[in-house]
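Both complexes shown next keep subunit A, but they swap its partner, so subunit B is in the first and subunit C is in the second.
Our next item is the complex of A and B:
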């Protein structure tokens, strides 16, 4: 049995705005084991980035507010920690890879210094040792001529190279947990594949746990051990990659999987979309938040919020369809066909 | 870099030429003469005076004379203060103005950046409101009113500083403050908005995610990137400090160059006008050049045009 690294229990994050209080994260719970990758997927505004920022306590307060829950890292709850105590956790235990490498690096500071400042902050070593470490890190993330690159500024790097630098910075203090917030979204496809390979490689070498935020299901199938599907600030389905891809239970997961283009089966049909738009989280709907967009919605979906139903040891989904009294609805054929094609492709990619 | 600076020096010469030409023709257009205030002039004496200073020559000869004077940095004798050369006037009074100006600039930059950083760090909290109020007051209260108030309260009532004159460092504090506060207000405003903009950027969030402390982030990361608009303001600041000193020098009875610059115009003291104008122009043109070089020092992404890597 692997050791549990991170446990998030019923995390709630609110934002105060002029229009009202936005409940961005409404009771998220998940676990992460050492050396594992958890992918959090969902459309824009589903609360996945807020969740990841909340784990590092990077939510600015105000307007943000931790309305409840626990974030337990290695047996220690992070929520009550002060900014000062938190600064020992950030970078050291948890590090973050940002979405856009073009803006994540300080344009007026040499790349090397941006790496060494993390090392020097968290470890008691000399500046020259830190430099050595930084050059090794640059080498590790696949930057050629690291000694020369060490002295350069971010604008002298390409986008993919910058993301490698961002990863090197994240790895600098050897964190146990890496949070990658859509690390490949801003990159083109070939660079994406390289960065994913790099992250998998690093995970294998160092045994780092990764939380991978993305809305690209192809990436999920490629890198994740476990998947959490988020909708309207809640996890609606949670399971291993196989659970989610081979046996999805939540209609929202069906919708997400169905929205991928079917490139394998050469059928001419329109791309499926999920109708409607996500609910207003200032006034979260009564009942199931997904009900208005759900073609299988039942009367109870508008009345009462569904609990997490357990499908198997590892697989959970939050939909009334799993209630024993609910009608048996199977995943639409066109969607399951897409998934098969997709998985084949993912396996083909390694 | 050297090539760039050389190119800029050529531009400065061209600019100076245009300034001299404009000043010369403006002087020609303005009615009156340096000797108009002295009454009951026999025409013979006026003729002699005009001949002595070369004012009887046609305009193109005079223009040529001024150009030659400027190139040789010898602006000739003052037409108002007999026996004093323009160069003497400048070399006597400029060090005073320079001291005052440098003090005012250091004060305004230091105070402005400090207020701006505080305001941005405590955005929408009491320190922000306090700093912003001070900044707005500084911008809106004219320096001469501030000077008067400071003279009355700080110098006359509380006796902390001398009221006026120029006999040492103590004498420079109030006038330097009076010049600096308006600019400090501007710089505080610029720094605040620029800091706020930078604070919400990804690399600052990244710095936080590295576990760096609040002040480390400000000093190492945010401030340097936030300083660009402040650097831009340094050009106008130099001009403002120079021109602002005219009034302040009057109020505090400081024998600086600013006073000569203004009085020479009302006196139609042609040589002094030309001398001080050229002198101030050189200072301003170099200030702008220094600002442009500073840009590339602060932000490595900015490469000076024509400069080699």
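Our next item is the complex of A and C:
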């Protein structure tokens, strides 16, 4: 059995705005084991980035507020920690990679110093040792000629190379947990593929646990061991990557999968869309937040919030459709056909 | 075979000084047929957006010809001709936040073209036409009096589409129209574009970096790399039987929502070889690949 590194229990984060209190994260629970990658998928406003920022305790207070729950890293709850205690956790235990590598780097500082800065802050070693480590890190993240690159400024790097530098900085203090918030969204697809390979490679070498925030299901299928699908500030489906992609149970997950064109099976039918738009989280709807956009919604969906139903040992979904008394709803044909196609091909490939 | 609506011949768009130009588009040729969607894909900086903007005359081209309905549009100079051309060809932009004037209502944005072209001078007629356009893109007529900030990203893109449709164009250049949108909203906009194409017999040049959506929406695909079209053909053909090594590399990098495939994915790296005398060669019926004769022979083996 793998060791649990992080446990998030019933996390709630609110933001105070002029219009009222936005309940951005409404009771999120998940766990992360050592050396695994958990992908958090969802659309803008689903609360996925707020969740990851909350783990880093990067929510500005005010307007933000930790309204409840626990974030337990290695047995220690991070929520009550002071800013000073937290700054020791950041970088050392948890590091973060952001979407835009240009704004994450300091344009007036040489790349090398941005890495040694982190090393020197967290470890008591000499400057020359730190430099040596930084060059090793640049080499680890696949930057050619690291000695020369060490002395350069961010503008001398391409987008993909900058993201590698950001990853090197994140790895500088050898964190146990890496949170990557849409790290490849701003990159071209060939560069994206390289960065994903790099992250998997580093994980293998160092045993780092990764939380990977993204809206791209293709990327999820590529990197994740387990997946949490978020909607309106809650996790609506949670399971292994195979559970989510080959046996999805929540209608929102069906909607997300159906919104992507089916390339392999060469079907040109109309894309399944999720009608409407996400709810206003100042006044979250009563019952199931997804109900107004759910073609399978039942009367109870508008009355009472569904619990997490257990599908298997690893797989959970928050929809009344899984209640024993609910009508048997089959997964939409266009998606089941697609999944069958994928599985058949995988079998064919051995 | 459908008629050629647009012919691009040896289009060049260079920026910077004449001594050391940046060759954003470096001699590309292709045709677009009536009623089809041509997808133009490539990575940032390959010249795909510049191509679109050159075609619609947002830039003065360096060299070459763009022939639309038999007329060279970069040669016609009279105001009247230009206006006529502007009615025929419209553009949808990537960023639904930057492309709408925040001080104008949706109705004013959509109706701006009417003022320029002196159409629908009757107030009631104009209001009706704007309402009709709003409804065509899945919004409702009450939205005409709202400002851009009151809409979500997907709704804004719908306003951008309504504006592009307002003058009844036959050809629309869509420059990354869905890149800034969420997945489920992307699907809504793509379905809308397809529906409008069927109803109004529109022709699209669909510029994007997302190969999966391009494959889905396009009849044919042109792959661009460093200012040149390296491969052009039917979209299934490009996807299932890529020949140029760059296309192969690009396709091998697109992640699919299929974990079993992703676990065994092998990315094919591409290393660029500089060549002087390459040209687009037809390797299979209407499947073109850019390269020297030897290269193409090697690739098709």
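Everything below uses one rule, namely that the second predicted complex is superposed on the first by the 337 of 350 C-alpha atoms of A that agree within 3 Å, B and C clash if a C-alpha of one lies under 4 Å from a C-alpha of the other, contacts with A are read in each partner's own complex, and residues count from 1 in each chain.
One rule holds in what follows: a residue touches a chain if its C-beta (ideal position, glycine included) is under 8 Å from a C-beta of that chain, and two chains touch if they have at least 3 such contacts.
What you see is a predicted model, and the numbers here were worked out from it, not measured in a lab.
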Answer with clash or fit: subunit B and subunit C placed together on subunit A by superposition. fit
Which of subunit B and subunit C A:117 touches, first, second, both or neither: first
What is the contact status of A:193 with respect to subunit B (first) and subunit C (second): first, second, both, or neither? second
Mind working out whether A:296 is in touch with subunit B, subunit C, both or neither, as first, second, both or neither? neither
Considering only touches as defined above, state whether A:88 meets subunit B (first), subunit C (second), both or neither. first
Answer with first, second, both or neither: which of subunit B and subunit C does A:33 touch in the superposed model? neither
Scan A:100 for contacts with subunit B and subunit C and give back first, second, both or neither. first
Partner chain(s) touched by A:218 [first = subunit B, second = subunit C, both, neither]: second
After superposing on the shared chain, does subunit C or subunit B touch more subunit A residues? C
Touching A:58 in the superposition: subunit B (first), subunit C (second), both, neither? first
Shortest distance over all C-alpha pairs of subunit B and subunit C after overlay on A, integer Å, is 15
Across the complex, what residues on subunit C touch subunit A? 43-44, 152-154, 182-188, 190-191, 194, 209-213, 215-216, 236, 239, 249-250, 252-262, 264-265, 267, 270
Note which residues of subunit A are touching subunit C in the complex, please. 43-44, 159, 188-194, 196-197, 215-222, 224, 241-242, 245-246, 255-261, 263-264, 266, 268, 270-274, 277, 342-343, 345-346, 349
Along subunit A, where are the residues that touch subunit B in the complex? 56, 58, 83-84, 86-92, 95-96, 98-100, 103-109, 117-118, 121-122, 153, 155, 166, 169, 173
Using the touch definition from the top, list the residues of subunit B that touch subunit A in their complex. 201-203, 205-214, 220-221, 224-225, 298-301
